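In order of appearance the chains are A, B, C and D, and numbering begins at 1 in each one.
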Amino acid sequence: MEKAFFEGYEIGCAATTRGKVADYIPELAKSDPKAFGLCMLDATGEPLTFGEADTRFSIQSICKVIILAAALKLRGFDETFSHVMMEPSGDAFNSILKLDTRSNLPFNPMINAGAIETASLLLPELSFEDMLDYARMLCLDPTISLNEAVYNSEAQTGYRNRAIAYLLKSKGVMSADPERTLNLYFRLCSLAVSARSLAGLGLVLANDGVHPFNGKTLIAPEHVRTIQSIMFTCGMYDYSGKYSVKVGVPSKSGVGGGIVCAAKGPMGIGLYGPALDAFGNSSGAVKAMVHISQALGLHVFSY
Amino acid sequence: MEKAFFEGYEIGCAATTRGKVADYIPELAKSDPKAFGLCMLDATGEPLTFGEADTRFSIQSICKVIILAAALKLRGFDETFSHVMMEPSGDAFNSILKLDTRSNLPFNPMINAGAIETASLLLPELSFEDMLDYARMLCLDPTISLNEAVYNSEAQTGYRNRAIAYLLKSKGVMSADPERTLNLYFRLCSLAVSARSLAGLGLVLANDGVHPFNGKTLIAPEHVRTIQSIMFTCGMYDYSGKYSVKVGVPSKSGVGGGIVCAAKGPMGIGLYGPALDAFGNSSGAVKAMVHISQALGLHVFSY
Amino acid sequence: MEKAFFEGYEIGCAATTRGKVADYIPELAKSDPKAFGLCMLDATGEPLTFGEADTRFSIQSICKVIILAAALKLRGFDETFSHVMMEPSGDAFNSILKLDTRSNLPFNPMINAGAIETASLLLPELSFEDMLDYARMLCLDPTISLNEAVYNSEAQTGYRNRAIAYLLKSKGVMSADPERTLNLYFRLCSLAVSARSLAGLGLVLANDGVHPFNGKTLIAPEHVRTIQSIMFTCGMYDYSGKYSVKVGVPSKSGVGGGIVCAAKGPMGIGLYGPALDAFGNSSGAVKAMVHISQALGLHVFSY
Amino acid sequence: MEKAFFEGYEIGCAATTRGKVADYIPELAKSDPKAFGLCMLDATGEPLTFGEADTRFSIQSICKVIILAAALKLRGFDETFSHVMMEPSGDAFNSILKLDTRSNLPFNPMINAGAIETASLLLPELSFEDMLDYARMLCLDPTISLNEAVYNSEAQTGYRNRAIAYLLKSKGVMSADPERTLNLYFRLCSLAVSARSLAGLGLVLANDGVHPFNGKTLIAPEHVRTIQSIMFTCGMYDYSGKYSVKVGVPSKSGVGGGIVCAAKGPMGIGLYGPALDAFGNSSGAVKAMVHISQALGLHVFSY
């Protein structure tokens, strides 16, 4: 097994040259395009790490998984999904097209509109501090903190997300205040995680929501199933369908360069490579996962 | 296990009253809205059947699975997917919107545009008779035949599919002749199958493409994985995402009232209930599968 | 001529019952649906008035004409139309669809996105007070004032316009601050005008931009031609094409119930009837204009 | 006046280098990109011609004007506009987007979908021969004939128009047979006209539908007004709005390189220059008209 991960790491390193670091936020543009690392964590508690497994980067869209878990816990399945659907959209992650043509509800919680709406459901009960604690718990990483520079950058330039929030408000879909919602959302996107933190999150999901070492239920099993299904169908932007064919493991990526995977085993895999492909996914991490999944038979339809 | 299927059958029967028989083709409108049946087949070779498991109905969109399998075999993965993508579209099954806005290639082989394009790849090598033989083989049912009345009905009124074919031709995506392609496609949609035939197809898929009784490989395992992944993300029209959350079993439905499911076990499940819900899926069959999947832990993310 | 206007007035009064007062802003909902009035002003300086020609109502979208005139004066033709196009859009006045699919620039200055972008061009040189003076001048009505209640209502509930402004900002099309722009735009939509004020504005436009009584040029003639052409093709929401066929006079309507017309003669016609048809145009005013245009041969293609 | 036309001709000749001959039909690609000519005809009956005023080229989209006139005559205003709207669409001339999102009816008779639907209204009463006679009459040119090579080219490759026709059929908007409709439409697009023929058509329109020399009414005046209004708002593809601002004369262009203009005077202007700009309009002819309109004050809003 270690061999498969090492090969994946090498393939990932090589593929970093085929991507480009996100530059729409100045802070992201500072990342080293050659950086690459991965971490696998399973029930043994002994993480397998390669390369920059401990480099901190902003979680970005991967926080959508944590937001969804929190909303399901706080509001339940039915109320949550009266605010957002769970259908793949076939549109760009930041698209507002369908909001104006097909449905007043965002198509799923993995696109920006859906994540912002889902975040609005956390208010006013949960503060950013509550969510930070929750993220630390789910990632098995008590050292996660807010990257203030990224947050300020997002808050100042997140015009499109602001447009999305006001559009949701105009449709009567969002009850909370748009500015407070955006404040929370931008902060959650700016959490500083590592591949190791993401491996922790992946393992919790893969372990049916149960803490792998102390046996506590962190996420209810039916919510885990929901989250994993949505990650599988919608987690990798416009590449979700192809990824589900080629890798077949519930995963979520972020433009900070991270990918979290909840694999059979149970196994949590976290990857980091800020050089992104045309779909906004880490080019190295995707290539690494294609290899690792095939080598270890992790595809959900490899029974 | 039998109990779960029986309960599913009863739930499905009850749910038939919440749907409506498709009426866009006169032949379909003749179906009995109360009809309901299901069949489960596993490696034991002893089918479990309830209700109208042997009633014949037209396969409709479920033939898209067979067309995809044939195209993958004849043209291979790369050539097939140079003509059609594998992304969920978030649009109606017969939409042409994305063809004119997002991509010249149909989004996936489970929407009409994608299935028509995929069918065009079968020409000129494969005739309808070849495909009929192939369908009989994959469904483990040598008695499948063409319903001429349905075919004539489709051929005469399938204006939108004709529009789709010419649109694909106009984009240079389709090489084959549109009329010949439509002729083949309409015939394949008009195959008369039963819930039992679909259970056969489901079992072959669930069994990694291997004939469950004679051990022959009917579909290459990597193609089965591709097909199942696409069924999972795109198989149930605009309900695909919700179905993947609630049922979590690769499935494909047709407006004739059938659903094929490839479940863990391996197990093939075929269902028939011509009363359709608002998404075009058999209302009884969906409800039945929600119950059966939960009762038997068939969700792919119930490890 | 008086007869034609009187008949138009009667037809307009009768047609008020076929419309509905706008209710998306509480202040608008307070209007009397039966109210109807019109005013015609020509070079004689003797206005012809019928019914509620002096009732004040909010100018709403008709301010887009004044905003465009001011932008053309301040920024010139080329700079203005580097921020907004001049094509009819075929979409709803508040649509953002084309902004995300066809062009980063709003399609024309008569839809909300275009008017907000055009308003942004007035900043920082022009204040609201400057624009109020300008509106008073163009409408030949020094008593126009701000309806604070309407403004507060708009500012608090204008979520969709806020979404539009941030979307324009996100595309780099808008240089000004979105909040300052919206503040100005909402105020200009809240100007309290009467049918008589609109007749003044119509006359100035119909008179090639020249003050009809003192001969001063208020709008450069080439700008008047531009404004009238855009009113003709885009001034009546989704009814613009039909209106140009049936009435054929450059006009602009607002959801406050007003319509301004710049007719041959030159003649300015202002109408007021807050009961709106399905397109958001005053139902009485449109019917009145169909009659008046035909009776007096005002259609631009009646040479 | 002659001077303005001569200058326009020279400007047009110079602008031919900025365009490109249409190549989607092999026959069109054979045109000489440098060719340019214009013809003005007024009530004197003495045409003013410059350059290639008698070169034959295919009428293409300009036939939409003739189709609309025939439909209005045969079916009347109300029936015609129960099959097609009269709103500018803001989309490409061959778009089918709005047909699937905003309306089952084509937006106007100047886009392909609208023209094909309008042509279907001519059947079965009118044959191609009838329409050929009608076109000769309206263009004051008895020598117009069918260019068989262009027709064959269109009929064989017009996949997108075929898609449009079947889409209209699928929506129940088109009653006639799609293939017969397309046959008529393709033939009408293939009529061989000259700038002189178009000047004739323009003069008839500008003269309120009356034959300029024998006084017979060829098109009812209310239909002429309708046609001119629709040409004004929709006649120049995606450049219609800008053209109405810059030229302000009801005009219609075709990808064969022709433009017909119905100007004040009355004056008919026909232009020919097969090198097209990015909008599909003759680049030379547009530039020529901008000059001629300004020089002679032909803009409808120059009172």
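By our rule, contacts are C-beta pairs under 8 Å (C-beta built on N, C-alpha and C of every residue); 3 or more make two chains touch, one makes a residue touch a chain.
If you're wondering where the values come from, they're calculated on a predicted model, not measured in any experiment.
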Shared touch partners for subunit C + subunit D come out as none
Note, CA centroid farthest from subunit D's centroid sits on chain A
Field rot_deg for pair subunit B/subunit D, CA superposition, rounded to the nearest 5 degrees, holds 180
Subunit A and subunit C have mean C-alpha positions lying a whole-number Å distance apart equal to 47
Cα centroid separation, subunit A vs subunit D, in Å, comes to 54
Dist(centroid_CA(subunit A), centroid_CA(subunit B)) in Å evaluates to 32
Subunit A touches at least 2 other chains through residues 101
Here the pairs of chains that touch are A-B, A-C, B-D, C-D
Counting only contacts in the complex, subunit D reaches subunit C at residues 85-91, 98, 102, 107-108, 206, 208, 224-226, 228-230, 232-234, 238-242, 244-245, 248, 250, 264, 266, 299-303
Interface with subunit C, subunit A side, in the complex: residues 95-97, 100-101, 159-160, 162-167, 169-170, 178
